[in-house]
Every structure is written in C-alpha cells, then in structure tokens.
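Same chain, two partners: chain A is paired with chain B first, then with chain C.
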Partner chain A sequence: MFKAVLADSRIWRNIIESISTLVEEGVFIADPTGIRLRAMDPSRVAMVDMELPKTSFESYECAEEMPIGVNFDDMKNIMKRAGVNEKLELEKLEKEARLKIRFRGKTSRTFSLPLLDLGKEELSVPRISFLATVKLPAATLMDAIKDAEVVSDFVKITAEDEKLKVTASGDRGEVEVEITKDSGELLSIELKENAHALYSLTYLSKMMVASDLSDIAILMFSTDMPLRLDFNLPNGGRIVYYLAPRMEAE
Partner chain B sequence: MGAPWSESYKPKTLQELVGNYDSAEELLKWVKESIAGRADKKAALVCGPPGTGKTLAVNLIADALNLELIEMNASDFRTEEAVERVAGGATLQGSLLGKKGKLIFFDELDGISGKEDRGGLGAIMRIIKESKYPVVLAANDPWDPRFRQLRDVCQMIKFKRIRAPSIVVRLRRIAQLAGVSVEDEALKKIAEAANGDMRAAVNDLQMLAEGKKILRAADVGRLYSRTQEMGIFDVMKEIFSANTIMEARAAAESASVDLEMLLQWINENIPNQYNDPRERAEAYDWFSKADIFMNRVKRRQMWDLISYAVELAVGGAALARRGPYRFTKYSFPTRIGILSQSKETRGKLMEEYMTLAKELHTSVKKVRTEYLPYIEILDEAGQRPFFRSVGSSRESGG
Partner chain C sequence: MKDRYAHIIPESTKVKVVSREASLCLLCRGGRRLCGKSVCPIDLKARAFVKNLNVVDKKEFVGSSPPSVFVGRFGYPKVFVGPMVPPMLGNTEIMDLPERWMGESVEDIVSYRYSLIRGKVLVPIESARTGGRLIETLQELAMGASAADTEVQFLKVPFGSIIIDDNSQPFGPSAPMKHFEVASLKVDHRIEKAYYDGDLRAGDAVMDLYTNGAPVSKIQRAFSMGIFGTLKNRRLVPTRWSITAVDSVISQRLIEEIKDYETVDKYLVFVHAYMHNNFAAIFIPRKWSFEWMEAWFPGTFWNPSSSLPSVIGDYESYWGRTTYPDIGGCYFATRLAVTEFLRGIRRQATVLVIREILPEFPLPLGVWFVRENVRSMLRSKPAVFEDLRSALKYIKKFMRVPIVKWAERSFILKDSLLQRRIDDYVRRVDLL
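Entry: the complex of A and B
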C-alpha cells in the first residue's frame, strides 16, 4: 500500500502540469524513498526526470516499489480542482488499479483515478558532460525565451566570457538577450569552455511551465549537445528536463 | 495467461527473422542508402498481410543501425497536429540519447480513415518531403486509393505470407523455449491454419500449449482457418478469367474490399477487359441487373437479395467473355475520385436548392426537377433579379 500526504496540494498540481506539457502517459514509481518519474515525450526529443523524496511529504508510507501509470491529461484535470490551503492525499492499495486523490480543506474531496498498465521502459538519462553551467532566476530565462519566440521558433544559446546570450533570428526579425553578472541576473556561471547550441522554442517554453515550482533555473549545455534544465523544489525534490539540440539548418 | 508469446519470443536480431529475408534485406539497404543520401525515393512503404514481420523488421533495423525509432501508429496520426508534434518535432532535432540518427516510422497506415484523417495523411506527406531522417511506412493494402500520393514518393517493399514450413521451424523453437513438447503433426496443423500469419500461429500455439507439457496433434482439433484475403487486382483477374459462375463468385468472396467497392471495380474495368462491343454490352447488361438488386437492398434493406446481385455482376462479367482470357491492366474506379472532387460543389448546390426550396415553399426535389430548368433559362437570358444571389454563387460554385 502507498499513502502520501502533501501539505500543499498546489505543489503536486504544478508537478503534474510540468510533466504533462511533454508527456501524455507515464509511470510514477513509488518506493520507500519517495516518488519518481522519468519519461520521454512522444517525439523522443525531450525527457523529464522528476523526483520527490519522502522528506518532501508531511507523511509518507510505501513498503515496496509500486508503479503508478497515469494519463496526465486526466490527472491534470483532477489537480485543477485543487484549492488554496488544501492538503493532498495520494493513496493506492496493493490490488486496486486506481489512485485515490483526496483534497483535504474545509471539506474532504476524493477523486479516484483509473491507472494504466503501461509496462516499464527503463530509461537512462543522457550521459553528457556539460561545458557550461548557468544559474539564473527562472523568470529571467522565461523572459528571454518569450523574447525569442517573437521572432523565431528556435533559439541559439551561447555561454562565453561570463555571459549568457540568448539570440534568435527569423523572417520576423532578430533578437539578442544578454544576461550578465553585473545586472545581478546571472547568479553563477561555470565554463569549462565556451559553448553554443540551437534549441527548439516549442520544447523550451513547455519546460518553463516548471518555473512555477522554483524561482531558480539551472541551465547546462555543451556545443551542439543536449541541454539540461533543472528546477529544484523548495521542499526538496526536483524536476530535470533534457532537450536534444536542434540541427543546424542546411 | 502470461505475456503473449508473440511478444516474449520475438526475434531479437535480423538474422532470426522468419521468412521475408529478402524484403527485410531490401529495407535495410534502402535505410542505409537513405541515410547516405543516395536513395531514389524519399520514403519506403512496407506492405503485406498481417503477421508477416513488417513492424518487427523495422524495429530490428533501427536496432541494428543504432537509430532512434520514432514510431507512430494509426491512433497517433489522426490529426495534422499530432503528426507535426511527434514526427515533425523529431525530424528537426538531434537525438537525445546519443543515437546515430533516427528512423521515423508510421505503422498501420490502413487504420487511418479517409475523410476525418485527411489532415494526418497530408502531414505525413510533408514529413516525408522535409525529413532529414529516413521515413518508413507500413500498410496491409498499399493499393488503397488514399495512399495514391504516398505510393508515388515511396519505394514499395513487399512482405509475403510466410510459408508453413518456415512457421513450423519457428513454432518448434518457441515450444522448446517455453518448455512444451509438441508433436510435429500438431505444429504442421497450426502452421497451415495460420495461412502465412506468423503472429496468429504463435498465438494459436500459446492458446493450445500454454500450461501443458505435451501437445499432441489430436489436441489441436480443428483450428479455424484464417481465410486468405486476396488483393483487389488478383480478385479482378480471378473474376474476369473465371469459366463458371461458381469460380467467379468464389473469387468475389475472397476479396478484401466490401461488396460495393468490388462492384465499382467491376464497373470500371469491364471496358478495360473487353474490347469487343458485344462482350461489353453483355457484361454491362448483367451488371445493370445486379445494380437493380443492389438498389433494392439499399432502399428497402432487403439483404436477402444481395447474393443475386453478386452472382449477376461477377457471373456476368466472367461469362461475357467470348474468347480466351486476355491479360488486362485493371484500374481503380474513377467514380470515387470524381465524387470526392465534386463534393464541395455538390454541397454548395444542395445548399442553394435548400434555400430556394424554403423561399418557394416546396421540396428540394421539386426545385431540382421542376424549377431548376426555368432558372437556368432565366440565367441565360440575363434576367435574374429574383435569383441574383443564388445565381451568382452557382456560377462560382461551378
């Protein structure tokens, strides 16, 4: 049996939203240490890797590993009903193919979500050594991405000389966003080498949904290699995204 | 019952594939050429009956070449948006997991339904044109009219039914792995009943043998034989070359298309088959009688009459022949294309009839049969104050 209580149901709501932008169906693995999920989007271009340790919960019970396969659209619709100041209880009995989702506030409301038997695809995260690691406020990154979206559907991210540059160009014009330490917006930057790569804005903006969960984003990438974007949750746990680079236009 | 044997005892490498080696080899060669940019065609269309290894071959080739397989099947590519999101996204980005490239695979193309999913097929065409990676499609019936455009841009690779002896070899191996001893005679029976469908054979074996130590021929009993469906071109040939009504009818029954479609094919191909006007006249005479029955069937739901329609149409088409059978290139019924092209125009006309019917307090049928001739005369005379709006949109509607 699995039973977990979160003090604030909106955390789970945001987690579900952050996953559901990329993935339609996926399997949470609950085990004695916490809950995790690793899934790729259907085009196999992006991956989300979420973990929420036992310590993030108000109470947590899980004797042995238990897969919980869900349809994220359905779960998202349930989580939209989460109210302010409501606790969240997740519960699954050994034999039942349903997850109980209970909101506890002024009233107690229990949804029962049918689970999917999805089988397990063992995914390993991309093994890449990143040349650039940049820490910045999530809102700043979000702005840069929104700026780029005005003119193009992909973006060039460059890290050099203690600076992060986000540039985009297309038929609709060009844009360059410079984020430096001086402005205080660049919290830290570690460079083993200068790096630059192209990424699709469609995917990046989907990933930025997770900025509701964390004020700070950690961006890691290398030249023409996949990108990694980390959001650390205040109460422990994290959401990590990986995104394949866009191929240079010929 | 545990996991399906057809999954758990699936071949893991191309060398283990049963039957259709040449086709798999051809596909492998095409994928390699496509990656090298030397392939003639932009995509490959793998076609053949179910259970002949199409999907499996594509999977194994992706493995062998270390390609990331981006797989979509009919339920995923119903809309343009879905195709764009998955395959479109995949074609523009590199690989996330460090694979050497990608293989875009649209499986079960037959499942796409003509009208609603047209957006999906259009998007697939676009992906084929724009993709930097090889694109492979799979379908049971490549001659489906919906795939005409696809056929033009695809290299066709045929997968044939797997011969019973090959199926026996594979079944014996699976039985061994599953720890069941099966009599040869039993294997043979299963293989023959499967009619070239490997997956069906493995499923039958599992159904009969799972949980047993020994499977004897007597246990197999009578397996429902999977009737062999013939492609429409073969059916046409069988019908037009038949010497008796019975032969022609048997051919009609093995067609994989529905009856109305079959009649359309006959209608289209009578003049292709017969040059002699007397032959044509006779075939069409019988066909028209069949048509009367078909109409009764549809109008009055008198389904008992359908067998008369079949026998008159195919029997007539066969027995009108006055000499030996002559090889003919059969063509797809043009009526369907014409109807779909004129659909918009017909819709517009119908709308106008309905407007007129309302204005004139009469039925649409009356408008068409009694008023329209006069409206046309008025139009020609340039005097159309009353019907100006209708008349002008009629012209633009064709």
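Entry: the complex of A and C
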C-alpha cells in the first residue's frame, strides 16, 4: 500500500504539468524513499527526471516499490481541480489498478484514476560532464526564450567570459540576449571551458512550465551536447530536464 | 499569415508576383483572390478544356443524378445549394465518385464534371435542421446508394464553364433552380441510420461509416448536406469545406489509434508516378509525425511565373497541429491515406510524403487526386532500408527535384538529419 499526503495540492498539480508538457504516459515509481519518474518525450529528444523525496510530504507510507502508470492528460485534468488551501492525498492499494486522488479542504473530494500497465523501460540519464553551469532566475530564462521564439524555432546558447548569451536567427530576424553578473540576473556561472550549442525552442518553452515550481533555474550544457535544466522545489525534490542538441546546418 | 506575405502584394495596380517562400498562386489556388483580380487568371486557362463540350441549352430536363449535391461557400452562412444532374438517364454514378477516377483521362473527368448541371437555391445553413421540401429531397439524394432519376427545372438556361478548385473536383455550369424532384431512390442504409440518430455526433457518424467501408466521397456528400451530428448542431457545409472536414476527422481518429502501435522497424520507401505527377513517401521508424510537401514545376497551374519549382509543405508533430495548413486540403487527404495504411499494418511512424507536379500536368482535379494516388502508392511494395541516407538515395532516382531542395524545406528531414536524440547519449537497458 502507498499513501502520501502533500500539504499543498498545487505542488502536485505543477509537477504533473511539468511532466505532461513532454510525456503522454509514464510510470511513477513509489518506494520507501519517495516518488520518482523518468520518461522521454515521444520524439526522444527530451527527457524529464522527477523526484519528490519522502521528506517533501506531510506524511508518507510505502512499504515496497510500487509502479504507478498514468496517462498524464487524464491526471492533469483531475489536478486542474486542485483548489487553494487544499491538501492532497494519493493512495494506492496493493491490488487495485487505480490511484485515489483526494483533495482535502472545506470538503473532501476523491477522484479515482485508472492506472496503466506500461512496460518497464528503464531509462538512464545522459552521462555528460557539463562545461558550463549557470544559475539564473527562471523568469529571466523564460524571457530570453520568449525573445528567441519571436524570430526562430531554435536557439543558440553560449557561455563565455562570465556571460550567458542567448541568440537566435531566422527568416523573421535576429535576436541576441546577454545575461551578465553585473545586471544581477546571473546568479552564478561556472565555466570549465567556453561552450555553445543549438537547441529546439519548442522543447525549451515546454520545459519552462516547471518554472512555476521554482524561481531559480540551473542550466548546464557543453558544446554540441545535451542541455540539462534543473528546477529545485522549495520543500525538497526536483524536476530535471535533458534536451538533445541540434546540429547546425552546413 | 497576412503580414508574412504583405511584401509580395505590390503597391501599384500592376500585379506582379514575387515569390519568397512560394508563389502567391500556390497559397491562393484560385480560392482567395490574393492577386487582386476578380477572376483567377489560371481559372481562365482551365476553360479551354471545355470549349469542345456540348452546352446544355434547356431550362428543364430529366436526368440521373449520380447522386450528387453541391453546397456553395460564397455568402456563408447563406449558401447556394442544389442537386447536380446531367441531362441523361442511366448509370451516371462515376460522375461523382472520385474513388473510381484513377485511370480515367483528364478529358473524361472534365467532361463528367461539365455534364453535371448544378441547380442553385439560396438557403441559410440552418436549413439542414429546419428542413423544407427541397432540403429534405436533397438530403435524401445525398444518402442515395446509386444513381437516381430526377427532374429539374431552372429559371434560366444553365451558364458557366468549369470551376477549378484545388480542394474539390471541377464543377460545371449552373443555374438558379425552380423545381426539383426525385422519381425513385435507393438510400444507403448506413447513412440513413446516422441521419435518424439525432444524438450521434458528426465525428462518430463519419467514423462509423468509414469503418463500415463507405467511400470517403459519399461520406463527404452526406456531410455537406448536414445529415450528421446531434440534431441541434446540424447545418449545411460548403462542399469544399466538407471534403477537408471528412479527411481531417477520419485521419485524426486514425492517428489516435495508431499511436498505440509500435513504430515501423525499418525505413520504408514508396514511389509512384501517375499523370505527370511523381509521389514518394518515407516511413521513418519513430513515433507519429507527418509532413506533406509539393513541388509545382514552372509552367504548372499554380506556379505559372517562377523559373524554379516551388516547394511548399506543412507538418505536424506527435502532438498534432492547431492551425489550418497553408498548403490546403490535400494535407488532410494525404494524411488520411497514410494513417489508413499505418492502421492496416498496425504500426506508427514518422511519415514524409512528397509530390512533384510536372509542367505537363494539365489541371488540378481536386484533393481526391492526391488521396487516391497516395493510396495507390501505399498498396505497392515498399523498398526497405536500414538508414535514412540509403532511403533518400533511393528516392533520388525517382524524383526530379534534388533531395537537398526537399531537405531545405522539410521539417522532418531536417529534424532527422540535424536533431540529436537523448538515446545518442545514454545506454538504454530494456528490462524484459
């Protein structure tokens, strides 16, 4: 049996939105240490890696590992019903192929979500030593992405000379965004080497959905290698995205 | 959209088409009057085809409707609606059954269409629901299983030559109609059943009929007469729109179905040539996404002025699309042919379909031409490849436009060649 209580149901709502932005179906693994999920988008260009440890919950019971396969559209629709000041209870009995989702506020509302028996594709995350690690306000990154979207579908991200540069160009024009330490918008930057790579804006903007969970984004990347984008939740846990790069056309 | 092409609309009244991404004609296809002329100059060219056909000079006649109806789009939500009847009796079914037109010459197809005289009565689209004697007769006609003997009286002698539309099959002369009567009619019971079910949603009705083997053109005809849908939502749908609606609805449902299947395991390539058109399709072993591209050669219908083939296309990702494709209804006709093939083999894939329209191709004939050609192509045996480069190399031999030209424009090709995958950076361990 698995039973977990979150003090704020909207945390779970945001987590579900951060996953469903990329993934249609996926398997949460609940075990005595907490809940996690790792899944790839249908095109296998991006990956989401979520974990919410036991300590993030108000109460948490799970004796042994339990897979919880869900359709994220269905779960998202249930979580849209989350109200302000409502607690969330998640409950699954050993034999039931259903997850009980209960909102506790002025009333108690219980949804029962049929679970999916999805095959076990054990995914490992890309193992990369990142040359650049940049910490910045999620809103600043969001703005840079939105700027780039005005002119292109792809964005070049460059870290050099203690600066983060976000540039894009296309038929619709060109844009360059510079984020420096002086402006206070660059919280920290660690460079082993200068690095630059091209990424799909479609995916990046999908990933920014998770900025509802964290004010700070941590961006890691290397030249022509996948990007990693971390959002750490205030009460523990995190959403990590990986995004494969795009090669520049010759 | 408007802004994007604003620069190609000249300030002076002298119309000159300057193409950036594609020519104005390719975007307009006679439907939007983008060049500002009141009559599409390319339409005029089409009229040459009918100059040798006999003109109907009678205000009334009896004839067997294939069966066929037409709903106009100008003036929406008040539209011209009416039957299409040739001045002859007999089995005229083929005149409005594009599924059977593969193998027929352009001249034959044009003469079928030119023989069908179109009656016109102006009605509000809601009349599909509110009824009236004429609408009910036309709805019954649209449900017809075979040609029906009818009698038609016009207010004037039918007038007009041929209307070329990229979406719908060509249409011939028309006249305001005074009276219309159907002598005898055998209705298609599958369609009739949907008609009497006022709770059945239009999408479900369309899908039921399709699953039961009804030809797309019959479903579309009934759809245009507002025969389907929950009772309060029924309305007339312009013929041109109904064709796209039916292709779109059916293929959307098929997409939802095929997304549950495994991906194809190799690269499949199909090629097909018909009536100065070359087609090719690549099925890529990845989850569903779709792209449809056309290259209109200089001198073809919608590319009269440029000196290079104009390549245009539209695309959808796994998550689908929310806007109408610029390239038009042929996008959905192709998507239908592709998804029904994938359902047949119980697989999903990323699919690129390309078409070249050579200068000798005389006349756009409607999206059925694309649908039936792609269907026919997908009935042939595919060439199978291990990787994309070999697949493209093979296609190169069949197409005139160089692969790099397609790749420059193709979302799917660029994505396949340039976009890396997470798999490239992880070791995947499949347990069981």
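Definition applied: the second predicted complex is superposed on the first by the 250 of 250 C-alpha atoms of A that agree within 3 Å, B and C clash if a C-alpha of one lies under 4 Å from a C-alpha of the other, contacts with A are read in each partner's own complex, and residues count from 1 in each chain.
Just so we're on the same page, contacts are C-beta pairs under 8 Å (C-beta built on N, C-alpha and C of every residue); 3 or more make two chains touch, one makes a residue touch a chain.
Nothing here was measured: the structure is a model prediction, and the numbers come from that model.
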| item | value |
| --- | --- |
| Joint occupancy of chain A by chain B and chain C, clash or fit | clash |
| Chain B versus chain C as contact partner of A:Pro42, first or second or both or neither | both |
| First, second, both or neither for A:Tyr242, with chain B first and chain C second | both |
| Which superposed partner A:Glu122 touches (first chain B, second chain C, both, neither) | second |
| Contact breadth on chain A, by residue count: chain C or chain B | C |
| Touched partner set for A:Val151, first chain B, second chain C, both or neither | neither |
| First, second, both or neither for A:Ala139, with chain B first and chain C second | neither |
| First (chain B), second (chain C), both or neither touched by A:Ala7 | neither |
| Clash-bearing segment of chain B relative to chain C, given 181-189, 307-315 or 343-351 | 343-351 |
| On chain A, the residue positions that both chain B and chain C contact, one per complex | 40-47, 124, 126-128, 200, 202, 226, 242, 244-247 |
| Chain C contact footprint on chain A (complex, rising order) | 24, 40-47, 119-128, 200, 202, 225-226, 242, 244-249 |
| Residue ranges of chain A touching chain B (in the complex, touch as defined) | 40-47, 124, 126-128, 154, 200, 202-203, 224, 226, 242-247 |
| In the complex, chain B residues that touch chain A | 68, 70, 72, 76, 85-90, 92-98, 102, 132 |
| Residues on chain C engaged by chain A in the complex (per definition of touch) | 259, 286-289, 317-318, 414-415, 417-432 |
